[in-house]
Every structure is written in C-alpha cells, then in structure tokens.
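The structure that follows is given in the form of structure tokens.
We call the chains A, B and C, going by the order they appear; numbering starts again at 1 in every chain.
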C-alpha cells in the first residue's frame, strides 16, 4: 500500500508539471513568451529553454486527443477538408484540432506559434506536417535536417551538418524571434541538468531487468519518458521527477514488487515481453489491460527510445553543446536503420530475459511500420524467441479492433505458455 | 527503325521483369557492374562514371505475381515495395551488384534496411539529399555524401574515377535529360503526335538502357515522330501529378487518353528530367551535381519547400508552361508524400483558378472503369466550360 | 461413459468433437453459428453426441458379430433419424409460425396456408432423406428455408397474403426454432428410426432381433462429458470456465498434428480469418500469423463472389476447375469483389477463367501469410472450410510447388473439425490430469475476461 502511494507521488508530480506547462502556454502571449512548435524526436528543448521559449509538441497534442477520445472527430474534420484516409492520423488529428479551435488538453486554447521548428528526425511525415501547418500560421519555419543513419552509424559529417544548422540557421532565427542573444553558459547548465535526469531515466528503464520487473516499460514506460521527451528536459522539475521515479523503482525492487497497473499492483509476472512500435492511444487502458490480465509485463520497448536512445549510453554533454544536441537528434530510435533496430530488439530480448517480443504495427507510422514484418523474422532468428504481430493505429479509433487484438494476444500468450511448459517437461 | 519498332523495343524492355538487358549489357561490358536505384532521384552520373550501369527499379507493374513481397508489408503500405522485394527475392535482380535507395519517403528509406537484411553481400546504400539549400551547409553535407558514394562505387567498380570521367557522365546525362525534355516539349505542343503511352515507354526505357543508347533512341524517335501524322482529337490537356514513385499501370495511362485527356505534362519517372541539362560540366563535378540539386526550382513531394519558396508555385508554373487546362492528381494508395502534399497543391491550383480532379491507384490496379469515368467527366468539364 | 468435448465457435459455423477415454473420435457435430453463442454451442454439441451414438452403434454391432451389416444399415438409419428430426423441426416451425402469425387479420387464412406449406414440406422431406440421398446443406434453416420461400410465393395470393408477409413470418419463427435446443425427444426419434430402418432393411427375423437389441442397448447409454474445452473466434463468449478456453491457434495446431502426425505447417482458411501455424513434432505451436485486419482473401470473399454470381458457394470450385486459362486478379478486397467481377465479365472474360484467377488470388494471400509465419515445411496440412474447395486446393498445390518445391499436402475430409478436435484433445488432457501448461496459465493468470 505504501509503495502505491509513493508511486502516485511521481505521477502526481508529472501531472502538475504538465498542467503548469499548459497554463504557461495559455498565458504565453500576454506574458510575451515566444512559442515554438516542434517534434519529440530530435527535440531541442534545452536550446529553446535557453531562449525562454515555450514548446508545443503536435504529436503530444494528438496523442492526448486520442486518450481523451477526441481524435475520431478531429480526424473526420481533417478528412472532410480533403486529407486522405490513407495518411498519418497524428497529422489529421492535429489539423482537425486546429480547425476546431486548437483547444488543448486542459481546455485552454493553445497559442499560435512564433516559430515552426521542423526537427526532421526519423519521420518523413514531419516535413509535410509543418508544410501543412505553415499554410495556416503566419510565422517562419526552420528546417533542421537530421540525416538518417542509413549505414547504421553516426558519422562526424552528420554531426557537423546538424550542428552547423543549429549554429548557423536555428540560433540566428531564435535570436531574431526572441530578441535575445544565446547565453551559452545557460545552455550548458540546462544540458548538464538533462544528463542528470537521463541517468535516472535509464536507471528506471533498466530496473526492468529484475524479476519481477518493477515497471512496465511500455504502458508504464510512456509515463516515465514523458518529462524528458517533451518540454521539461533540462529543468529542475524534471530532475526532481526522475529522482523520485528512481527512488520509487528502487523501493519496488527491494520489496520484490511488480509494476503498478491502472487496477493496482501486478502480482504475478507470467510473461516478460519486449515491444516494438508505438502504443495505441484511443484504447490505451483497454490495450494495457489485455496485457496485465494475462500477467504480461513489458520489460523493454523501442517506443520509449523515440525521444532518445539513452540506454545505449548517450548523455547530453554540456562541454560540446551543439555537437551533443546533434548526436542526440541523430540517435533517436526512428532514425536507426532496420538492421540496427533488429539488433536492438534482439538485445533487449536477451538482456531483459524476455519470453518473446511483440510488434504493434500502427497504420499511421510508416517510419516504424514499413519493414516490421521483416524485423519480426530477423529478430526471431536472432534471439530464438517467438514474436507476435498485431495491428492498430495511433489515434484513429476506427483502427483499433479490441476483439481482433485480444484474439491475437491471447493466442500468443497461450503459445508462450505452451512453449515454456514444453521446456519444463523436456 | 520505324516509330513502331522503337516503341515495341521500349515495350519489350518494360515487359521484361527479368531485366535481361542488364545481362546483355554486362556480357558486352565484362568489367561493368550494375547498380539499381529506386525513385525518385539519384545522381546516375556517379554510377555511370564508375563504370556501372544504372538500372531504375520502379516496381513490378501489373504483371508480377506477388508472394514473398506481400509477406513483408502490411495492407496499409503502398504496393511498390512489395513488388520490389518480390523482384529481389525471386532472383530477378541478381544481376544487380548494388542498390541505391533515395530519401523519397520512410517506406523507401526502410526498404534500404530490408535490402541490407536480405542481401548482406550486396552494396546497399541509403541515398540522402539535402533539405537545407545553402551551399555552405546543405551543400557541404551533400557533397560529402556524394564523395562517400563515389568512393563506394569506385570500390564496387574496382577502379578510380577521374574528374574528367565524371564530367563526361554529366554531359551525357545532361544530353539525355535534354532529349527527354524535348520529347515532353513536343508532346506539350502537339500532344496528338506523342501518345501518352509512347512518351511513357520511351522515357521508361531510359531507366534501363545505357544513357548513350537511350540518347540515340530519343534522337531517332524525335526525328521520326515529326514525320508521322496522327489525327488530332478533341481532348482536354491535362497535367498528371503525384505519380513520381510507384508507377501507374500502362493501361491506366492509356485509359486517361482514351477518356479524352491529352497528358501534356506529368511527374512519372522524374529522374529522366529532374535537373534538366543544367548540371555544369566544366567545373568540379561533385560540386556541380550538388549545386544543380540545391538550386533547381523543381518541386516534388519528397523535397522540402523552404520559406523562400511557395508550395505549389512550381506546379502552377508547370501548368502554364505546358499549356495544361487542368490537373489530375494521381497518387498511389498509401503514398504519404503525394497524399499529404495534395491538399496544399490543390489550394495553390484553386488560388490560380486551375481545375483539378484526384484519384488513387496502385501499380497493379485492375479496375480502370472508375478512373476512365472520372477522367472522362473531367475532360468533358474542361471542354464544355473551358475549366474544370 | 466418460467423454471429452471440444467446441470450435467460428464466425460461420460452430463445430464440436467428442472423444472417448482412449482419445478415439466418437462423434462430430456442426451447425451454423448464430447470434446466440450458447445455443450454437449446444446444438453443435448435440449433433456430435448424436454422431457419437452412431459410432457406438457401429461398435456394438461389431461386438455382437454384425459388423459386416453395419455400414449400409447405419447409413440408412442415419437418414431415417435425420428425417425424424427434420419432421419434428418442421412441426415446431409450423407451430411457431402459427403463434407468430396469430395477429394477421381474419380475412387472411393463415392456418390453411401453413397447413398447405408444411404439408408439402413434410411430404417432400421423405424424398430428401431417402436412402442414399444428398442435400446441398444439412442445416435445417437451409433445407426448409428455400422451399418455404418458393411455396409461399406460389400460394400466398390464394390465402389473401402478400408473399412478404409469409416471408417475414418465417424469418421471425426460424430463429425461435433454431434457438430451441431439445434432446428430450432424441431417444424417441432414434427409437422410431431404429424400428423403421430395421423393418425395411429386409433382414431375417433373428438378425432383426439381434440388431434391435444391440441398438436399444446403446440408446439409453449416457455419455458423460468430463471436460469441455472451447475455442474459435467466439470462444470468449462460450459458457465455459476460463481455464477451459484455448486459442484457435493452439487448437488448430494440435488438431492438425493429431490428424496428420507429420504436420509441420498448418494453413487454416475460415470465413473471416486465415491462419498460418508452425508446429513442432509434439504439435506445439512455435509460430503463427493471422491475416491482417482486412478480410481480403478469406472464405468470406468466396461467399461474396458466389452471391455476386448467384451460385452456391460449393459450386465455385467445380466451376473454376473448368477454366481454360487463369485470369490474373490483383485484388482480393472483399469490398471490391463485386465490381472487379463485373468489370471483367464486361471485358468479355469467361466466368470460369475469372473464377480460376480469383482462387489463385486468394491462395496468394495465404502464401504470403505462410511466408510471414516461417514458410511451408514438410508436411503441410490444409484445414478449414476452403480446404473443401477443389479449385482452391489446386491453386495452393501449384503455388507451394512453385515456391517451396515438393511438399506432402494433407487434407482431411473432416478438416473443418480440426480446431474442435484440438480443443477436445486439450479437454481430454485436462480431464485426465495430464500436465497442460496452458491450462494452468489460464487458470492462474485469467487469460480471458
């Protein structure tokens, strides 16, 4: 019981942080704060904070619209306006929300952007998304191109390209918009703070190597990555949040406790899974329930690396602020090539002692989804553990079929059980 | 050679899903290698200069039966990667020693990784392009990238490539694109002379033929076609846009014309005309290729339009230049670039008072009736009211 | 005697298999699935128990040295019993129609109309269930339905009805009859059928008596289902405890393994989904893939095509086999099935050739699913309703040969029962206290619910 209360503390803390952020956004214009719209992968929060800019992440708006059951209506609105049913529903949800008054998750209107920072990292659609938003806002757009790791490595040339764009394109534009000079010392402080939070995030994520795992690294994981992947990296609030989270997790490990689910403590860890792909947001709870009802715990996920692959050792390094930001952007999960993704998933299965892995293939996201069936076979071959494949979408409620998904998951869990059983008797 | 002979030759190349020409070329050039590339753009000059035959792989069309390719992709992913994987896994691309996957979209991007997984012994490269058009920033990155690819091609081809060889390749491809452009210009001017399918097949042949051979073919065609008299029909003049990657089946192109549309401009097989003959063949060749890419005004969905540009302006200019009376948006199903771009381009056309219609296809679309009807109605609207 | 039951609640049909203590198959039953899952399950199980009874008859006749008589005689007995059952159901339908139609105005002569319709149906039934006859369908709804329609169309006017009124009455009543499960009359019906069949079989008196004794000794024997296990798409809605629910993947894998022990790869094409399953030498599933969220290429697609062509589903295969060439069909989208077909017919393509192309197109989808699951290993077992379609099987053979080379392809005449058989085997294992890790898991983890 006591652990549950402690657990809630970090959750409460995060809720406060988010509420506070949206309040700031609502007051941004009257307080003369500049607002930058940008994406989660390859986000440059420290740099923006160094200019006292406030950030809005359209993907986060979209996923929150999904969780608040508003996305269906927003998507329909965008499709009525001529957007194809075939394309990314994050984009359509965002545009639909905009067309309906741009009311954020707290019920307050989101401020218009002073800058569209197109951090073009690991997702082709980002480019179209901001080209589309640009048509609706009277503000400049900065394209920050982050080259794809086609050969599975970050080369010095790539780092140079990104950091030069930061120095020579983005910073001058931010200086122009805010009327401030970049304070490099302040940027370094923010980066140092980020690194401290990152250390604790990795500690939390890696706690899942314990048996039972004290966390669910997918459904629970999306909460843990929240502050670091969005507006809070580099802030004292984030540092405090991650300190709390790490302490909670340590305590759970010491007591041998499993993860906390919406229905309370998971008592019996039956299956340990690795997941690939984003979750579905419109039926997030229902989806999660299909896992914990079966005693399935996700011990590692690739989705929690879309905003940085910290568990592979990356930390923001205040001594080389621009290069470190460049390396950060280049290393985000969706910027990795397929062989590297195969290796990462197979490594997770091994390192986290998983029984198998599951791919949630979302219709919206080709960056994730194109090739996942090939990933499936290659990971199976590499780690010898069975994979499962289900399909849904990010925020389009039409693409979540509970009975269909449940049927597959159930079949998969039973197969895992049968295979585990076979080993015991053999 | 007659016109019919030329088009038949092109049709045979188009139909040959085993890419027999590559084997023939290799037999004639025992040292030569062949390097495949996907849409939309790669600098073929580098491949050719390195002694390799560039081979455009734009899908399997409507005659390839897909078994293994479908195993790799969910139903909501476009058709092109399925047929490309099918071609690869069925051994039809064995003659290719390498493959370049350009930065067209995330599907083609990921296909580069699939290729690395399936063909670990082949040269497989993701070909990135700059979206920062400042020569000092995007240009420098791009030149580095081109140098890197050239070095890899040199290794594949087993020999160093001199700047003179690169300049020669640039001249050859400038000429090739100029000739292809001439066919397009002729068609725009006198569309009854150059049927849309002939134009398509002719340009498509350039994806596999060696550039010199293709140039010769284009020259011969241009000479012969001017002698041929074909009846002028009362068709509407349309520009087709959105088909720059996965190709529509030939029957679809034919259906548009039968339905009363003269295709006077399109973005099929963009690589044959992208950059035109603008690449400087006198200076530092890699720099010249880079500059041509950075400074081209040509737009396509995969290329970022920065704040200095204006989305859709290029399309509107192209409509004017080609004398098109309306625009047909023909996008492959599930094509993110084309479909996400469409509302913006449509808005630009609306602002310019240019009519448009839209449909989706896949490379193996068998049901053409709805498209015929739609194109026919569009053509009638243009003819009756002058605008759609 | 103790027995074990497996129920496979599918989207189109519900199947049941009964096993005896030694694991031998006692009986199989099938019915069309309906909105009420409990009933579908109950009906299929009853059918299987009836079938089991005939199995017991056969065993009993062999035991008393009448085995050589058994086959022909039991076939006749089965027909006689079906007739009894059918007549009883007609009676019930008649009554229900009368009740449901009581509010029609008096000018309409309902009783007389029903008497004429059901009188004719009953008469015709004797021919339908005569010795050696075959029916297009064994489901009461199908047999009675089409005849009822044509009869009411003929006579409606004579009794002051619109055809639609009688049609509506049928639709309303058939559900009641279908959803009414009764086995109280079962023993009576069977008894009557035995009497009738024995008397008309042309046996000598002494044989007659021995057969009757043998059969009557079986009729009251009780079959005690120790454990029932449910599977299939609708399994979560079966009235079974959680620990007795298994995924259809596991059941199909095990069922195919039990039928053909050399099975490595299983393909099941049902109405709404297609499954590719790999099993190890023990029948344990090692990997599986199911079709994605769209139903393209499933059995239902053939259903649409049959509807579009206005022919019976079972006629498609034979028609396709008459093709002289196969037309290439690139889309198996159920939504466009009709349009595609009309388009091609309009182009002048032959119906048979189009059908051959359609069958190949469906099998291409199955091939890609198989490839996703890990390919086609030796031996390969094909199950599900579509396995009965000869054109589908021919296309599959061709494609497997082309893509994987020589493979043994197993198809059981009872392949539609594969899932139910797997479930029954799980039931038997569980009933005999054999280690079954899935069951244990389901129990502790609560997989369903």
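A few points about this structure:
Definition applied: a residue touches a chain if its C-beta (ideal position, glycine included) is under 8 Å from a C-beta of that chain, and two chains touch if they have at least 3 such contacts.
Owing to the predicted nature of the structure, the values given are computational and were not obtained by experimental measurement.
Note on connectivity: the fewest chain-to-chain touch steps from chain A to chain B number 1. Distance from per-chain Cα centroids to the pooled protein Cα centroid is smallest for A.
Distances between chain centres, each the mean of the C-alpha atoms, put C farthest from chain B. Chain centres here are Cα averages; for chain A and chain B they lie 36 Å apart.
Mean C-alpha positions place chain A and chain C at a centre distance of 48 Å. Chain centres here are Cα averages; for chain B and chain C they lie 53 Å apart. Residue positions of chain C with contacts to 2 or more other chains are 292-293, 372.
Chain contacts: chain A has residues 373, 391 touching two or more partner chains.
The multi-chain contact residues of chain B, meaning those touching 2 or more other chains, are 71, 74.
Residues 62-63, 65-71, 74-75, 364-369 of chain B touch chain C in their complex.
Residues 292-294, 296, 328-331, 336, 339-340, 343-344, 346, 364-365, 367-372, 399, 403 of chain C touch chain B in their complex. On the side of chain A, the complex with chain C involves touching residues 268, 270, 293-295, 373, 376-377, 380, 386-387, 389, 391, 399, 401, 403-404, 406-408, 410-415, 417-422, 424-425.
Listing the residues of chain C that touch chain A in their complex gives 233, 236, 246-250, 280, 282, 284-290, 292-293, 372, 374, 435-438, 440-442, 444-449. Contact residues of chain A toward chain B in the complex are 81-84, 86-88, 91, 120, 123-125, 127-129, 131-132, 134-135, 140-141, 143, 145, 147-148, 150-151, 157-158, 160-161, 164-165, 168-169, 337-339, 341-342, 361, 363, 366-367, 369-374, 378, 391.
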